[in-house]
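You will see subunit A twice below: alongside subunit B first, and alongside subunit C after that.
This part shows the complex of A and B:
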């Protein structure tokens, strides 16, 4: 280390020109190399997946595996189940969180810590462990409540047509990301002033929330909805272990008999996720143009960044 | 929703009676400050109550079941149901210990590689002159970090699996390559861990001010010295936080591994799922819960390490 210092200190005063040029040119090459390698690694599997699905040995190019998706056994049922679950999850998550977060911000700032802890708890329990716990709670039905009215409750929340137990699990799993997204949205808003202004103008409380607060939270609400949708679309762990068959579980079960078909569905679901997140980014950017508050420090992308880090734990 | 409506009128007392001072609102003019203050607080509680109930039931019951049943014998066991530490000790011995160790090894290795690869990539992105490229890479990272699970597994099966395109084109099988192994799984995990690292470290890299670099250069520091003595010490909490977060993600991952390797690589998540679905021995359900408890403890430690690190690194972002 000590040996390095003298030449460097000597070089700067004598030849500042060439030195700075070299310093700038080298990172550019290095940056390009890093980018190229990353692009190869990250685009490779997608490109090869597409090739895999359109190339049938001996037949050449075909789109059969994509057209085959629509007629595949169980495709529509699993897709319907997943979309219903996603819709219900988004609705229940927002209903639980939005009133709580608004009220806490306006009236009881001390409860924020409680709220944050409640919403971060699911992070400590990995999806597999949560499923194990849910499974053993569901065992109480036949074991301990067999002759009580509760038994029917246990049965009805496991109805394969619409498993409420999955809905509850998904809402719990989406709490951390939903909380952070909404919190980022609320942070960019001067809620107290906004509400005060609306109330002073004579707006009733429901009107204030529906016409003033929620429209201002539009981007955060959309973010939450999209990310929750992505979570439910990709969720495999809970559903597969509890024995239900939404979309992701269906893909795997199809993969056993028809690898091409399941890869094709995977490609489609990736494209769908991609489109959703692009929409999300666009919504965030649209917001940042209108209010200077969010554009500071790239806050428009921040909600996506923060929440994405959370989802992975649940989904993969 | 009903709670929101109920809370709404009472919260009105605070701001509007102070600011508007009876400007036509239908509120009863209560001059005393005590009532206006007590009401909003109960409103906050009322609005949070549904969430508390929800978490207590949906999170509390399973957690309670895990903790109690992990310390009880299985219903069919000789001698009836009684308290025991047998499940826990079984969960850290034999095949289960191998699985636990396998998970820790895989998570630590992939998290370390993820940090090492994510940092230069994020740096290249952050220092890029093209704003569009930066945004595109960050958006792509968001997608890829979310791309875990089943679709990721199938993309890699199609690329590097036994009959994958790349495997056949390059005859990788002849060179001993197998996707369904520890190495193969590591390659797949990096696919969502590296983008996750890019997302985590980018704010910290953006917090590195150019003035610091210029100051270092003006004082005669080489690039190497700048990184060693200025940038890396500042980034260390973020890097450690990133490592811990990546470790947690890899440790909790189940879908990817389940869809790719089945059970040829011993991982704790796969073992829990196997024990739950009765694929191994009957009566292993409580051992699965003990394993879950092991996982929760490790995940808890991970979060306990991550949160202070995140707070520490957040200090430089302003």
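This part shows the complex of A and C:
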């Protein structure tokens, strides 16, 4: 028994000397400096953007730029189109990827690498190249299929009210982000055991996915939705080249005639993005605090914020 | 406590135990043969342990009964009904998995009630029954906890309650104790056995731990390379192993050189003993001897020298080396082991009972 008692001398932790205090203080200084630089880098442009929108030379402080947004020509149409495209892109991406990823994990794990490569391909195809390809197809398609039912299809997918071709392009572009996020969520689960346990409890395949798999992928699904939303909100190149006018294109177009309004819309879109992020994060937190697995997946939310902010800023 | 448990068990008791039959099951994974014509029957209400080394096909057989694997050939029958083609969610078999398989997003009571929800039972009915089952496994106080708020043992108890919720015809246990620490494993082992006996449910229990199988099961089926070696009650399996593999896999055995005698018996350690089973037609022979069968006495002129001793509590396991280098293990009462220190010479003898004999391996 006595042998288990820690020795009275030599084992008492000594108080940190001045040298160790100095050593500990140094990282704190560096942390502060890095934090300050990061804050300046991210907040600086935003602060100056806000100042630019509310301060008019000769008039002083005014909220005219912001009040003018709501009445600006094309604002509501472009915003509606963007949100519709975002919703449809999220739905289609998840509908394509979730069943495919679950099926591959459960029945053909060897195909995982193939699925990963396929989903990552859009990363190596620049948006301009993708758009050039789509543009070429849209150009020769109607000529080649003039006397076939596909002719109407080519026309309908370019309907400016809801351009399906843009939706398809966005789904392609969101695949790499969505794949990584969902893959991280699936990796955190013992999917095979959970599915077998659910099946053993009498759940059919659809109910197994709906009642067991999806609730445990909640954080990953929300993160995928958020990343896709951010991508669609900030995407400019494809929409602009194909001649459609979602929100990002409208911001740029309005910037030519009214710079203050354009920047005000950019600031507003950042706020909108943050609000949506907070809503999604709150929705995720509703259950994630109850389960460590889901909260593990949810940890991806924080870094996402920065990515979205930059994306929207760059594109607007 | 016992009274409460028994009355709760009576309340949750479902259908009587079913007969389970595996008929000529074959399954191959690529070049690996997992099951090679397995024929086995579990009687109503018994706990049948499937025991064998890794890759012997025990888990594959269990998963075939659960509906997670399909045989290349052969049938799975429950109460005479062929369920080979029945999908997993309609088999009516409750299963407890090796890894913690509770649904992380549901509380303990929601986990237990999950199967009832899938069956479309009302919320009141499923909450009531889930409560009864949690009471049965002694976890009613943790009903609102999530899996990550429970210990491994508690999670497996909830998994057991969940498996019992649908009044399964068969209970399947796929190494449910292997992830638990020794103390929890022991208590849960006893709890599973008690519940199984109270409920009278036919149970198939996969394990590679022979102690677990021998202490819990009514019968133990030993599998090797997808084939059944022997199925018998634990005591019979230990005392009268049908094959050399069973003898060596279940319990500890020593191989002692044996010499073929003219009368069909063998000479082992200076004794002429009858042979259990068949005597190999040719080749050099070894007798397979259990440590508790070997009697050791200190004898300066004895043929064995004590080379090691392991204290096991009431007995001490002594390893003796014979003149030809053969090592024989013997269990002696711990008090007597004091007279057999390492380096001491000793005499060995065996009881005059039939011994299992095998052809000596060249290694």
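The rule we apply is simple: the second predicted complex is superposed on the first by the 231 of 316 C-alpha atoms of A that agree within 3 Å, B and C clash if a C-alpha of one lies under 4 Å from a C-alpha of the other, contacts with A are read in each partner's own complex, and residues count from 1 in each chain.
Note that in this section a contact is a pair of C-beta atoms (placed from the backbone, for glycine too) under 8 Å apart; a residue touches a chain by one contact, two chains touch by 3 or more.
Please read all numbers here as calculations on a predicted model, not as lab measurements.
Given the touch rule stated above, what does A:202 touch, subunit B (first), subunit C (second), both, or neither?
A:202: touches subunit B and subunit C.
Comparing subunit B against subunit C, which has contacts with more of the residues in subunit A?
Partner with more touched residues of subunit A: B.
Look at A:88 in the shared chain and tell me whether it touches subunit B only, subunit C only, both, or neither; answer first, second, both or neither.
Touch status of A:88: no partner.
I'd like to know which partner A:182 touches here: subunit B for first, subunit C for second, both or neither.
Touch status of A:182: no partner.
Determine, under the contact definition given at the top, whether A:194 touches first (subunit B), second (subunit C), both, or neither.
The second partner, subunit C, only.
For subunit A, which residues lie in the overlap of the subunit B contacts and the subunit C contacts?
196, 199-200, 202
Quick one: which bits of subunit A touch subunit C in the complex? Just the residue numbers, please.
By the definition above, subunit A touches subunit C via 189-190, 193-194, 196-204, 207, 211-212, 215-216, 218, 287, 290-294.
Okay, in this complex, where on subunit C does subunit A touch?
The touching residues are 66-68, 87-91, 93-95, 97, 99, 101-105, 114-115, 118-119, 146-148, 159, 162-163, 165-166.
Flag every residue of subunit B that touches subunit A in the complex, lowest number first.
My answer: residues 1, 3-5, 7-9, 11-12, 14-16, 19-20, 23-25, 40-41, 43-48, 50-52, 54-55, 57-59, 61-63, 65-66, 69, 75, 120-121, 124, 127-128, 135, 138-160, 163-166, 191-192, 194-196, 199-200, 202-203, 206, 217, 220-225, 245, 248-249, 251-256, 258-259, 269, 272-273, 276-277, 285, 288-289, 291-293, 295-296, 299-300, 303, 317.
Using the touch definition from the top, list the residues of subunit A that touch subunit B in their complex.
Where subunit A meets subunit B, its residues are 4-5, 8-9, 12, 23, 27, 30-31, 34-35, 38, 41-42, 44-46, 48-49, 51-53, 55, 95-100, 102-104, 106-108, 111, 114-115, 118, 120-137, 139-140, 143, 168-169, 171-172, 175, 192, 195-196, 199-200, 202, 205-206, 209, 230, 234-237, 240-241, 248, 251-252, 255, 259, 262-263, 266-267, 269-270, 273-274, 277-278, 281, 297-298, 301-302, 304-305, 308-309, 311-313, 315-316.
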